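For clarity, chains are labelled A, B and C in written order, and residue numbers in each chain start from 1.
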């Protein structure tokens, strides 16, 4: 039981990181960024490259991969989202253009690394014995993952609540027009949001790659859909919601697998998604109304 | 000469068949897009149709038309209880809910032993010919063409452009959206049943999120302003990989990634520069010519 | 005589704001009834509730005695209520004629079977519907622009098309939300004449307007709202002299 909690928190922290990125962009732009999972995947490959070919230590490769992910986010915003601003059906077009970029990113990964599953070189993972915790064991990897995730949560909270950029992000999320009138450089804020969002996704990607040690161009697929489930559950646009729901999903999945078997793992997220959308579309902490007029 | 043509035909039979099937799939997504709903449930409906028709053929020994009928009616029936709660949701949430539905169907199939779970079913008798696909496509196109420009076609267009306003004109928008969801499900199911008996196999991973994304891309690239736009998109994007296969070695990129990259770039290009799809190209050119020489305008 | 439209102690609250606060008024059959008041008085909210886009949080709305509050908009429309919108909601990608055609949705007697079977009856019905739409456009003086996309029409033209679209439903009750906003005096007169001819044809009109002169000229009776409450009701002359109205309504309109 204790082990399940540990495993659940471990998995949950990755989901939470990923979902946080998703929800940040949704909160600010009201658009679903379907390239998020592709950035997640590319960041992991970048880490693989840095560790495998450049022989960097994973703790050095991680921030660099996260940075690379952020930059990809900037590119994504510039190419796929900014040209669409002001269009009548910006939501649908944004969805589709992000999809297009995701397809291109996946093609790039396929071309550079091929479709086969890659692994981190032996010795990448943090070495050392597992640490006892709650009657169970927490591996060094798990500890690192949860630690990194918590670090990001704290950093993000600080950014959003205590910095000027954070205030501007919240203003733009509330109303871009009003923010512009108040002198906020909306373009810059949106770009920054994408940078942060993709950085979070990238971090999740590297950690996920380390956790499962199976890196492939299609590794983002299942996480992408689960990420959707998480942000809906937590409330679209709500950052605390994304974190709570991410951990909730991680824990639920681990429990379901432990008691019902592996094939039911994904049922949790989708059944949950469905129920929430039908019963309480607002999610746990979401605000905006989701129904039609 | 005829042998030459027949050989050519056989080589390309599969491609032609897929142009037809992909056109049907694109039209199934168009059904809901035409009233402004981004419903991404059609991979799930296609799966229900494919497996339904397959089981009717293999387990019940049904005739092909009967199996296809099952493949059409089953997803249509499922669309009703899905649509009622889900069509109330706004834009992106509808998309997410329907994606979720598709995944639930796929996961259900993966975990269902009777259909061999993830491995799927093989050796389905090949009963679909190009004629059957062509006939199916013709019927669907006819129905959609007749809808467009009719009282109901206008109502759907009104729902797409401003749903609350449409409601104040007496249009029962939820009923109409549900009807289109059901129609789209029926078309997707038909395509599924046809495909199963064309490629002799069905497997859950052929009905993943990627599949419905393909359908959406066909419809968007072709354009939804015209009812035949999706067919154009499907044709273009089905032929493109064939053309690229020869190009790949010249450019030094593997065919797989090249096809994917070109798909993505075409989609991106269309969304950014030709948002109403390829079908809107004649309109755009006409408008540009009119702008350039106003005195020539009719 | 029973009122065609009876609004009884209507309430609509948004969060802390009481947009409509216990308003009651009546509209008689065949009447042109004005609904005026300063900005934010709750006029558009009231119309949104009457037409079903919003549910009331209290009170009732009755059409010919039958309660319509809480019914979905399309059901209310089917009972004979049509409306225009304060911020013009034409279908931008449809032509003027097609906009009016959509408005006729309720009255069209088209058969889906005939349409699918390509029967001549379908073609006839469509021809008839398009002709009627053309007549309505003629009536508002926009036949020449019938095939132009709605978004390419001028502001005044769009407002008139919206009225034609509402008339296409052959409603018992026409709700007009600031139909002359942004129009020049000539256009305003045209709309006034249109409203009079609509009423002469047996329809009733609820007119929200800021153009006080228009309201005084055209309306049989006027209800005045302020802060969601009715502060005066009666014929134009009486309302114009009502001190409460003068206080609340600091001389707006042309």
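Throughout what follows, contacts are C-beta pairs under 8 Å (C-beta built on N, C-alpha and C of every residue); 3 or more make two chains touch, one makes a residue touch a chain.
Worth saying up front: this structure is predicted, and the values here are computed from it rather than measured.
Participant: If we look at chain B and chain C, which chains touch each of them?
Facilitator: Shared contacts of chain B and chain C: no chain.
Participant: Please indicate the chain closest to the centre of the assembly, with centres calculated from CA atoms only.
Facilitator: Per-chain C-alpha centroids ranked by distance to the global centroid put B first.
Participant: By CA centroid distance, what chain is farthest from chain C?
Facilitator: If we average the C-alpha coordinates per chain, A ends up farthest from chain C.
Participant: Just curious, how far off is chain C from chain B if you go by their C-alpha centres, in Å?
Facilitator: 41
Participant: Once you find the CA centre of chain A and the CA centre of chain B, what distance in Å lies between them?
Facilitator: Those two chain centres are 30 Å apart.
Participant: What whole-number Å value describes the gap between the mean CA coordinates of chain A and chain C?
Facilitator: 49
Participant: Can you list the residues of chain B that touch 2 or more other chains?
Facilitator: In chain B, 164 touch at least two other chains.
Participant: Where in chain A do residues touch at least two different other chains?
Facilitator: 293
Participant: Among all residues of chain C, which ones touch two or more of the remaining chains?
Facilitator: 53, 92
Participant: Going by the contact rule set out above, which residues of chain C touch chain B in the complex?
Facilitator: Residue positions touching the partner: 51-53, 72-74, 76-78, 82-83, 85, 89, 91-94, 98, 101-103, 105-106, 108, 110, 112, 115-116, 118, 122, 126, 129, 165, 169.
Participant: Which residues of chain B touch chain C once you look at their complex with the stated criterion?
Facilitator: 143, 146-147, 150-152, 154-155, 157-158, 161-162, 164-173
Participant: For a test of understanding, state which residues of chain B touch chain A in their complex under the given definition.
Facilitator: Per the stated touch rule, the residues are 38, 85-86, 88-93, 95-97, 99-101, 103-104, 107, 110-111, 163-164, 208-210, 213, 216-217, 220, 253-254, 256-258, 260-261, 263-265, 267-268, 271-272, 275.
Participant: What part of chain A is in contact with chain B in the complex they form?
Facilitator: 26, 30-32, 79-80, 83-84, 87, 91-93, 95-97, 99-104, 106-108, 110-111, 115, 221, 224-225, 228-229, 232, 236, 263-264, 266-267, 270-271, 273-274, 277-278, 281, 289-293
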